[in-house]
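Just passing along the structure, written as structure tokens.
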Amino acid sequence: MSAAGLTPGAGELRFDHSPFMRFLGLEVIAAEKGRIELRLPFREEFVRHDGADWLHGGVVSALADIAGDYAVVTETGTGVPTIDMRVDYLRPARTGDLTAVGRTLRVGKTVSVADVEIRDSAGTLVAVGRACYASPRTPPDATRPKEETR
Amino acid sequence: MSAAGLTPGAGELRFDHSPFMRFLGLEVIAAEKGRIELRLPFREEFVRHDGADWLHGGVVSALADIAGDYAVVTETGTGVPTIDMRVDYLRPARTGDLTAVGRTLRVGKTVSVADVEIRDSAGTLVAVGRACYASPRTPPDATRPKEETR
Amino acid sequence: MSAAGLTPGAGELRFDHSPFMRFLGLEVIAAEKGRIELRLPFREEFVRHDGADWLHGGVVSALADIAGDYAVVTETGTGVPTIDMRVDYLRPARTGDLTAVGRTLRVGKTVSVADVEIRDSAGTLVAVGRACYASPRTPPDATRPKEETR
Amino acid sequence: MSAAGLTPGAGELRFDHSPFMRFLGLEVIAAEKGRIELRLPFREEFVRHDGADWLHGGVVSALADIAGDYAVVTETGTGVPTIDMRVDYLRPARTGDLTAVGRTLRVGKTVSVADVEIRDSAGTLVAVGRACYASPRTPPDATRPKEETR
């Protein structure tokens, strides 16, 4: 998958600049304007407790935060700080790779809102996230179509 | 610090059973009924991006989840799954150790609610969390004082 | 519209037992298992401030709470108390009728989770809600249509 | 109680400009920089269902939204739109007057965050709220002390 050329700041779709995201080992599966799909490959460090076959919630919430963030990046072209986030843990996340799909609900001058769905390797919806991000102070692209006032 | 003897299930206050919490390196600073204080020692893997002097939000939210969870454990004596969580990032968390204080707002038959404050090594409040946890199906201790009907 | 026969406790889909819902004037537009659609007819008391052409956020959040609640009721057949709720206000809700669609994300033994979308009379998405509800202690029972534990 | 002179925009602490707040009948009990205390006098329309002795959750969440909003107003001097809100219903709110205390956690250039505690007439904590508000585009007072960058 290539995210190149998506937006002026599409370089932001790379994760290798971040020690924490390198630890997580995140990969971009697909990206388009307003939507991103990420894969979190399984690591032993993600397990909830020894002998368990499910992942720690902290891994799931970190993935939710990042997927929502990068959904916004597909529109703004630059990284945006999280203001707040809600995560609902619907079912245990079984050991294995996780997949997250982030979608923007609103990209505004002040804040943006994104929704995230996280599935385990069996395709089961294990968590949903909803987060609010601060918009860049200076828009990277005056022509971005979803800009809204509120 | 020793949390032994706090509650019948105080063994739950240990973190060495969990691969994810071993990775985080969490330590219990203090625990009493309804309140827990944790320290998250700094690790290079927690940094937001190379050269930055602040931590990734995913580290902060994982700490919030765990601190709220263990605040409930100080009352229920056994681990409780997170139902949902909200985290508000108030200020950047500067590199260094983080401290989290979790307090129970309610410990009920069905759900418990906890608040968390997270401070950086300068003592600045960097994030607050609020989370809801499923109560154990069978109470570990019929005499626990804050049991409530709802 | 008749919701009769949907579930053993479908009588719960009526709103005329509640002074607050009578004040709101809520109407059921459609209901099926896991999904409900409500209309909130405009009232002058809902306006944000004199001369404004948008509604107060408190009206929107009350509608979100109720739509999520009744989405769960379409599956459980009995009223369920709200544990917690998040509402995101995406755009101003213009004066006029509001429409809310509630959908269950999960209906569990302990808690249920529902999503809500609220649109104004122009069809614009003005707010989204996500809420968590306590499940009935005992399975739905047609003989106790209004029983609640809270 | 007089809120006059609190801030350049202290006129905002009045509620009589809003049809919805007039319906609610809200009163300011006390206000200082970063904290507001409101009373919501009981009305029959607030009751959850006929014959019940507790209030509808929608009334509680509307009060939470407003109390957080006005906590911010004590610092910014002008009304601020809610971005998102979380409410946790800890216990049933018995019929009678409700009291809400709102406090700012952060007042920033882009967003502000406030916490709310709601008590019933017996003084029992029945709900807590946490909400995020958009800051005014043009600060009403360049000297306000809690302004922060993020």
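Residue numbering begins at 1 within each chain, and the chains themselves are lettered A, B, C and D in the order written.
Convention: a contact is a pair of C-beta atoms (placed from the backbone, for glycine too) under 8 Å apart; a residue touches a chain by one contact, two chains touch by 3 or more.
Bear in mind that the values here come from a model prediction, so they are computed numbers and not experimental data.
K.L.:
From chain B, which chain is the farthest off, judged by mean CA positions?
P.N.:
Ranked by distance of C-alpha centres from chain B, the top chain is C.
K.L.:
Could you let me know which interface, C-D or A-D, is made of more C-beta pairs in contact?
P.N.:
Top pair by contacting C-beta pairs is C-D.
K.L.:
What is the distance, in whole Å, between the centres of chain A and chain D, each centre taken as the mean of its C-alpha atoms?
P.N.:
Spacing between the chain centres: roughly 32 Å.
K.L.:
What whole-number Å value describes the gap between the mean CA coordinates of chain B and chain D?
P.N.:
28
K.L.:
Counting only Cα atoms for the centres, state how far chain C is from chain D in Å.
P.N.:
23
K.L.:
Out of chain A, which residues touch more than one other chain, so two or more?
P.N.:
Answer for chain A, listing residues that touch two or more other chains: 81, 83-84, 86, 88, 113, 132, 150.
K.L.:
Quick one: in the complex, what on chain B touches chain C?
P.N.:
83-84, 86, 110-111, 113, 132, 134, 150
K.L.:
In the complex of these two chains, what residues of chain A are touching chain C?
P.N.:
Residue positions touching the partner: 86, 88, 90-91, 105-106, 113, 115, 125, 128, 130, 132, 148, 150.
K.L.:
In their complex, what parts of chain A are in touch with chain B?
P.N.:
17-24, 44-50, 55-59, 61-63, 65-66, 81-89, 92
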